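Input: one structure, supplied below.
Letters A, B, C, D and E name the chains as they come in the text, with residue numbers starting at 1 for each one.
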């Protein structure tokens, strides 16, 4: 593991690795995602208790919820690695994660909101701790991007962003445990919990496979953005050399 | 009088506003963030919410005008750009007006464009969307104008933040009242006319006041 | 440009009063005086930035103003700053040539907040090249410039006066110019 | 470590806060002004008012922390005082904490002392006064701490105002929730404990974050 | 004080790299270089304000720091500013004597935002007199001072080095000091 990191911390190695990893992740992720969607939309029996057919939205909602938390953790970890060891690639990763994370958080909010209209009878609850903590996550992503964009140099943007990202990380456990601490309309955990999953296998397997598929897609997107960033940095450097700077 | 100085002061101010903070992302995030904060402070029973929804946005607009303009004139004073503008033959009040309009267009106008979206979120009846957009547009402009006067007056004061807020709040009141009524009653009612009048009044009075305050700050 | 019976009071202190000041074409006046004597105050009155507590200033034609605060916005680059004022003044000066003269080709697109002190000062001095104006009011213009820059500015000032322009400059140390007149506060 | 630097940074910050704006008059006027503004924005039916009264004050407190701290660190950066503090052997995070506390004590604490008065104005039941004061005290402190982090992070940004607000708002939320609950339910409920916990958390995390952000701004 | 293999990168530009710098007791080093060469950057690295992109700085003992930004708060008076730092550093220097030496007796109680450029600079230089520290890092210290002030500062710097102190000063123009060594960037 340690070896792998030191290999990947080198941008050239990273470009070499990601050149093959990106298309593979896209294709495998698409296949798994398509399979789980097929299962979700046509194969799985509807669960009347969860609002009938609308519960099929679970197969988008739940992975997107896990992924947006995971992406924030990724952002925090990448920021930490950059802050301590100054691996430039970690900063490139953090920068790439932010927009994907914001998009997935928006997706989680949107699907939850649609589902909520069907089951709770309302699109939005201003005092539900689960909804609010996810909304805070969304604003953390936005704030992170805004802060980076506002700072003049890449170095200072990276440092300021890292500080913010690390502070914001406390919000993730807050999201996870919000349903346990406060009274929330949102249901408690049924998959990721100490006693093991409580979901029937018909639901659980497509859900997990769909999660894996979307996870691969997300990784592919992040890697794509990272490659673009590295290329643009290299182009900048080349340009500067051409112009006789440096 | 030549138009170039006015045009350039607009361009400079828009660039200043734009460069400092991630373009449009910032005001959009800001308005959404404030809208999010208020239900916690004020309670969120659904009927209350659709009632206070527009109120939240008024507060967000007032806050945006305060925090935006606070830095503008103070920065001009400290970096010496104010000296240069004061020496232009173009009236400093026109330049100040242009700067204010520029900052409004970057930090206040987005709320107008987002109004339909917020209307959905707060379950406001759709037929009030157009009056609400007009009210946020005119009202926001007025907030920025009076906020500009307050900011120019306290540009040379060290702890201007609270002072600006204190100076601006009473000036905001009439706009807030008529604007709030316009959102509720639409264009037919006289409230809209009063709102329009208060905006025109601000457009007439605020620029010379800003000009005088800025001359004073440069002295 | 003439000042008649100018007076300035700061707090309980009279900086100067009944001061008469004349600036003729082709003159280069060095404003001298100890720290706090009132040089900056007088220059601001001549520029019309500060209202004289007594007396009046008669101005003929426009002037350029360079002071400690260079007048650069943090987000502007040297190129944008010069372009901005060229447009405001309706000047047709070639920005690229001006940047070359100022030796600012390299950092031409770096935001001013990141520039070195001398580069900021050079950017501000660039405004002198955008438009021909009879009077230049300069507050310690040689500060922060390197030796080459000081020599360049000295020549620029001398040339301006040779072409019939007039300059008032607050100066402390020796500078590479020979003022026509010293005016001590 | 010697205590003098910390003590002096407190004194300096209090003087800075005090000198710039008419001493205590300013925050008192500000809180009253905001309290006055909100009924207009949100309607003033008596039952609504006693319901949203504390909410207004929360908003005023959030606003005060934002507009106050915005200038503090930016001024330190521009006048070079930050350079001097960063070179002191006293940890910059402690100095930043002290400065924040000083500004809170001038611009936030007055609200706590005024709470009984506002309680009367908004017809809040008298037995909730003490919990409300505790909530405004702890909550305000937390606002100032997170606001300080946001202000330090964007000290070197030209248009920091909106950015600071955007960064601070998500950090304010938990405090606002628990603070609001404490005002309603008093000390017995767990809300007060959560509020206390969120304040302690801010006291632990905000100073090093401010310190790191200020070092960055000086770099 | 020593710097080993220092490097600074700004944007896409390398200001300096592999730079070794030694400052011994009693040395007065003049830092020279054109505008934008990196003098301020190097001084900030030596002071620990800026993280070197490469290399490291070994410091022995504390230093005084005087730069373009004088470090004065707008609301402070010269007296309060010096008192403040004297207290922070636990110094027992007599503020009144220091103010007299700086010729700041008159504006001692005027808020810094109203002072003249030279008076602000003098207030900042006053910090040098509050506490004896082996190393002084000065960025264009003679700027804004009048002739008398420049002579005074020159003597102060020479005396400091004679007493075994060390000084690094970024300088452009001729100054009333004779540096032991010139270090050109």
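To be clear about the criterion, contacts are C-beta pairs under 8 Å (C-beta built on N, C-alpha and C of every residue); 3 or more make two chains touch, one makes a residue touch a chain.
Predicted, not measured: the structure shown is a model, and the values here were computed from it.
Colleague: Greatest Cα-centroid separation from chain C: which chain?
Modeller: Greatest centre separation from chain C goes to chain A.
Colleague: By CA centroid distance, what chain is farthest from chain E?
Modeller: Between chain E and the rest, the longest centre separation is with A.
Colleague: Any idea which two chains share the most contacting C-beta pairs?
Modeller: Highest contact count among chain pairs: B-D.
Colleague: So how far apart, in whole Å, are chain A and chain E when each is placed at the average of its C-alpha atoms?
Modeller: 49
Colleague: Let me have the rounded angstrom distance from the C-alpha centre of chain B over to the C-alpha centre of chain C, please.
Modeller: Centres of chain B and chain C (C-alpha means) sit 36 Å apart.
Colleague: Please report how many Å separate the Cα centroid of chain A from that of chain D, as a whole number.
Modeller: Roughly 32 Å separates the two chain centres.
Colleague: Just how far, in Å, is the C-alpha centre of chain E from the one of chain C?
Modeller: 27
Colleague: In chain C, what residues contact two or more other chains?
Modeller: Those would be 68, 73-75, 106, 113-114.
Colleague: Can you tell me which residues of chain D touch two or more of the remaining chains?
Modeller: Within chain D, residues 16, 19-20, 75, 78, 156-160, 163, 166, 169-170, 173, 177, 219 contact more than one other chain.
Colleague: Any chance you could list the residues of chain A touching two or more other chains?
Modeller: As it turns out, chain A has residues touching two or more other chains at 127, 132, 139, 142-143, 146-147, 150, 152-153, 245.
Colleague: Inside the complex, what are the residues of chain E that reach chain D?
Modeller: Contacts found on chain E: 47-51, 63, 65, 67-76, 80, 84-85, 87-88, 90.
Colleague: Per the contact definition, I'd like the list of chain D residues that touch chain A in the complex.
Modeller: Residues 149, 153-154, 156-157, 159-160, 163, 166-167, 169-171, 173-174, 177, 201, 205, 209, 212-213, 216, 219.
Colleague: Can you list the chain B residues touching chain A in their complex?
Modeller: Interface residues on the chain B side: 20-23, 25-26, 29, 32-33, 36, 39-40, 44, 46, 49, 121.
Colleague: Quick check on the complex: what are the chain C residues that touch chain A?
Modeller: Result: residues 106, 111, 113-114 of chain C touch chain A.
Colleague: Once bound in the complex, which stretches of chain C touch chain E?
Modeller: Touching chain E from chain C are residues 10-11, 13, 33-37, 39-40, 68, 103, 106-107, 110, 114-119, 121-122, 140, 142-150, 172-174.
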